[in-house]
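Next up: the structures, one after another.
Next come two complexes built around subunit A: one with subunit B, the other with subunit C.
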Partner chain A sequence: MKSVSDIERTTLMTFLPGRIATVFGGRRWRSLAPLAVLIVLCMLIAIANPNFIELRNLVRLANSAAVPLTLAMGLTFIILMGSIDLSVEGTLSVSAMVVVLLAANDSNGNDYGWWAVLAAVIAGTAMGFVSGLVQTMLRIPSFMATLGMWFIGLGLSVYMLGGSAIRLNDATIRDLALHRFLGLPLAVWVATGAFLLAAVIQYHTKLGRHILAIGGDEDVAKLSGVNVVRVRITAFALAGFFFGISGVLAAAQLGQSHAVIGDGRLFAAVTAVVVGGTALTGGEGGVVNTLIGVLIVTVLANGMILLGISPYIQQTVQGLMIIAAVALSLDRMRLRIVK
Partner chain B sequence: MKDKTSFTLSGTVSRRTLMMGATAGVAALAMPKVLRAQEKPTLVTSIRSLSNPYHAVWKTGAEAYAKWAGLEHVTLVSEGNSEKGIADIKAMLAKTGGNMVLNSDPNDTPDARPIVEACAKAGAYVVTQWNKPADLHPKDFNPNYVSHIEFDGIASGKTIAEILFKTIGGKGGIVALGGLISTTAAIERKKGLDAALAANPDIKLLDFQVANWKSTEAFDLMGNLLTRFGDDIKGIWAANDDMGSGALEALRAENLAGKVPIVGVDGIKTAVDAVRTGEFACTVTSDPFWQGGMGLAIGYNAKIGKFDPVKEPPEHREFYGKAVLISHDNVEEYYKTNVDAKPEIDWNDLWGRVTGAIRT
Partner chain C sequence: MNEAFSLRRIFEGKWTQGAIPLVLLVALLLIIEIAAPGFLTGETVALLFANTAVLFILATGVTFAILLGGIDLSIQAVASLASVVLAQLLPSLGLAAFPIAILSGLAFGALSGIVHVKLRVPSFVATLATGGVVTGIALWVSDGRAITIEEGGRENTAWINATVAGLPVVVLISAVIGIASFLALRYTRFGRQAIAVGAGEPAAWAAGINVDRTKIIAFAASGMLAAIAGVVLAARLSSGSPVLANQLLLPAIAAVIVGGTAITGGLGGVARTAVGALIISIVRIGMTFVGVNIFLENMVFGAVLIAAVAITIDRSKIAVIK
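For the complex of A and B:
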């Protein structure tokens, strides 16, 4: 059933794709749109350059998706809640800083091995926990609270690293990137583990359902007895946990840590989440969508190099793809307001 | 009502206190200004951030010179914010009453003009590096605008390309990683690469890609380039060391580190280490330690009248500094003098690294 005002708002641009969508099964089709985009993208690239489906390239794709995927897992929960976490880069650089400074490095005499990894993940979780506290206890919108945490984190790692790049010399931690199990670098297995963990949390725990409920309608969730404050703090800590893991992976991949190790990751992660079909308004989407979103973004970057697209227009292509993917996956006819 | 009165009153009182405080503050500021006239000048370094290794070394050089000359030194950091950079310098000019020497790496090209104008007005001496508008010249602000220093990006890009070509035996395919498209350094270094390619027809540039100066982006990019060209890649040209080191880690993940030589610019420690292990063929550095110290030295010597900027030849007012090449041949020597110990620089040799006037 459509209300009169809905019909009035319908323009040609929203009407046509909508019609096509209805023919193919409406909402169901839409939820599969990101997957369709991914498959079409893969096919197009594979036709243009068969190297794309080489095993070596698929391994590389998985490898470059590892850090963004782990990051985006954390971010998904926050966006599902209808909030945003801008502290991605700050938290990531703190965790990368902690792991490098505590493991064997070329700047101090520490050598705590895997304890350093544990400490880094704890540091990430703590940063997220503080974001959550600031947001709920001080009642500061997540946008500003996490923006603050971003800069706090960045400042902290600039100070601790003394502004320079510090090398990670611990061979076992570097093995996360360099050692392979069943042909895939360990980082890929860690990212897969992160995905499974996130999926279990979202679909099989109370926390996951409460996060979705808050994103859908916070007042209703509250009235139904959801402890909104606790869920929010836990969700931010959970996001920090995932950011912490990706900080360790990034440090292991690059073999070093500097304060700007997270540069550009926030934008990439938000893009992946949104392209996957999770609504920025919250309550819709999930970690499986994000997995597809991350793959779309990674495949696109890989494909543009394989197709030899000039670096001068790559960003333009990326922008077009984002708009196209969102246009396909979002049911725009159901949007009451667009802001 | 009573509350309201007392509230109004407290407002008056605090306003008066504020006025008194301000007067006292101005008086306090004015007094040392008179006293300072005979004091030694303050050395001021203005740089973009302390979060990159390059400017961190710059600061070390500045401090080394200040210690050598026995002068007070202050570092101002703009954090990539032009307004903050200029405002901090103006505040410093007010605080020292113009009795200062400024060595500035302006955050952005247009910033150089307000910085120089403020310094000239206050009577301070200024040296700028890297960024200035083409129509801003030291000779127009005699004697306060002492010099402007740059490093020839074309020469750097060309030198490292030639060494890369020699390392891979003069033929084969290479890939190049460029910096942020719109920056002068990225454009010039690429020009240098193009010039070297034109002179070596047996070398094929398989692809030129942009990694925006970042190791993280270069890491992902290199993986993709390996897919496209595989073993055809015999060497990697990177417009800076950070991207080069990202590419190196991508090679390492595929067991190719050391087999495909990389060249870069900047001379960061990771790259110098990689030159030692043979994973980098070379890197070239503008020597930020020298830039940080010598910029102050040139300004200070003009200030105390050791030389008169007006009488200096044009190539001492706007010049390209000499870049230092670090390759397999001299890396051990460089490591001993620059990494294990602080570099020893003859701070009296003001013009020793002048290679010529800046192209217009």
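For the complex of A and C:
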């Protein structure tokens, strides 16, 4: 008797969120839901505080979206495969550490200019490459492989920085944050470039298609001749590449690198990807969804400041958003076992 | 080639997986004793235990989640919140602050479990999310600052830092928690069901086990033990802070895995976690001793974690490694 009622209860619990999603419409409508949320959010904040739509605030908004957008581009590919990359903060801090230590700084005599940026992006890519190797060659789940890489990266960067904050003095790299082109800081243009690059990779390259195929069904992808191991390693390296770029942007924006430069970035990136509508099971969603997700997260953070809500509860709100977004995505409901 | 194959078979044997950590622990102790004779005296061992206590309590909690085949990434947030709650409430409520801090952990642990089970969210995302929720609350409650436990409050935390019959009270607390968790896993219905769920969820479900309830209880236990660890830590440091336990997530998970509990669930237990926590603690002391830079600690633990997962994981259980 007991197990029967259990099954009934499970069925009810399983179908309830599904039914809510059905009320909102089918698959097509659901994919538009994040956009609707974004628009409604903007309207509500603008009504509550008209300063929100001032040009100055919109520029500020774009500026604070630059790093999360670049990060989330990388993470999107990993989540599209049905995996996760928890090493976001570690890789970002390694890249920020490399750029600060190789460009003009207040700790050593290096002054390699833009070579430092190149080295930082390569360092990020290398971290991602190693994550991919560890995951595929040692055959362990990505969340464990990247949890390890997270702390390896963090330990390495804090060690190299000697536990202190080191200033970035290279004026041209600082210009990424300070110099403006068409009214927007260069960092915003870099992030836009990252978005376009990610969109091209996802929609117009074999790699993008293969990532989607693996996320949809890895066995089928393998049987159709996709070299799953190679695609996985490439995808992790690609994610590391984007994390590397965002590390450079973060260092340029802060004008320094320190032990906690990555704090909270993983959380914001995961929230953005999931809220944008990319399914954690993989195979559904993409970089356009993530763009909307990043905007939702940034607008909400900006709006909370404008409305005078304590910035400390931002993480609380983001956490609730992850839970709500994942719970509302219909495809999860087919799974009986969730670990 | 042949040799590698047999090595792998040795590693994958269940018996050896339980024994390797113990052998490693004894070897580490011997190495230290040889390097610094006189290490294995009562006093230093008591100190070692006292320094391992918080890590062990945290790791015991996360053992429940990992035994089920899940993971709890919110323990450091819950422990920090408990430390903040304790520091905040001690002046006004006195000893009553302890149960409130611990119950807050229980509540958020149960919340993780409910989100994971009822909303069908994978545990690492569910606990990442609740961890964020909890961190936000801790930051908000403490206004982003560390709260010092003043003289008045310290009267009520002094008992945690005391010693009874030569043993620090923290060691006694962790021993009680360790034994209770051990007995709970081995001799209660919940414990057996938890191991069954970890070993094979469909079979456990088909056998009539209330999988959902078992999981929620396990995550609630994980949250409660994390809160106890946070309370003990706050009492030892005389301070509560929203980032107090942030450095403990990785060592705690590493302790569980290094002890020989498989990330795939169903295999392992609290005794193994005790061994794993001691190994992590000794490696940490050893690194300082040998002169490894303290900032590199995270790197070493990250690498150790990856290696331990690779050795203990039961790959026959996962069809596709994502």
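Quick note on the criterion: the second predicted complex is superposed on the first by the 284 of 339 C-alpha atoms of A that agree within 3 Å, B and C clash if a C-alpha of one lies under 4 Å from a C-alpha of the other, contacts with A are read in each partner's own complex, and residues count from 1 in each chain.
To be clear about the criterion, a contact is a pair of C-beta atoms (placed from the backbone, for glycine too) under 8 Å apart; a residue touches a chain by one contact, two chains touch by 3 or more.
In this text, all values refer to a predicted model and were calculated from it rather than measured experimentally.
Asker: Let me test your reading of the model: by the given contact rule, A:Gly109 touches which partner, first (subunit B), second (subunit C), both or neither?
Answerer: neither
Asker: Contact-wise, after the overlay, does A:Ala301 reach subunit B, subunit C, both or neither (first, second, both, neither)?
Answerer: A:Ala301 contacts subunit B only, not subunit C.
Asker: Please tell me which partner, subunit B or subunit C, touches more residues of subunit A.
Answerer: C
Asker: Looking at the overlay, does A:Tyr312 come into contact with subunit B only (first), subunit C only (second), both, or neither?
Answerer: A:Tyr312: touches subunit B and subunit C.
Asker: In the overlaid three-chain picture, which partner chain does A:Met144 touch, first (subunit B) or second (subunit C), both, or neither?
Answerer: In the superposed model, A:Met144 contacts subunit C only, not subunit B.
Asker: May I ask you to decide whether A:Gly163 touches subunit B, subunit C, both, or neither, giving the answer as first, second, both or neither?
Answerer: A:Gly163: touches subunit B and subunit C.
Asker: After superposition on the shared chain, which partner residues are touched by A:Val134: those of subunit B (first), subunit C (second), both, or neither?
Answerer: It touches subunit C, and subunit B stays clear.
Asker: Give me the intersection of subunit A's contacts with subunit B and its contacts with subunit C, in residue numbers.
Answerer: 154, 158, 162-163, 312, 314
Asker: Residue numbers of subunit A touching subunit B in their complex, please.
Answerer: Residue list for subunit A touching subunit B: 49, 51-52, 54, 56-57, 60, 63-64, 106, 154, 158, 161-165, 167, 177-178, 185, 250, 253-256, 258-261, 263-265, 301-302, 305-306, 308, 311-312, 314.
Asker: Going by the contact rule set out above, which residues of subunit C touch subunit A in the complex?
Answerer: 69-71, 115-126, 128-137, 139-140, 143-144, 201-202, 205, 208, 210, 212, 250, 253, 263, 265, 293, 295-303, 305-306, 309-310, 313, 315, 318-322
Asker: Which subunit B residues qualify as touching subunit A in the complex?
Answerer: The touching residues are 49-53, 55-56, 178, 181, 207-210, 212, 214-217, 219-221, 223-228, 230, 242, 245-246, 249, 252-253, 268-270, 273.
Asker: Can you list the residues on subunit A that touch subunit C in the complex?
Answerer: Listed in rising order, the residues are 2-3, 6, 10, 13-14, 17, 81-84, 134-135, 138-145, 147-152, 154-156, 158-159, 162-163, 218-219, 267, 270-271, 274, 280, 282, 310, 312-320, 322-323, 326-327, 332-333, 335-339.
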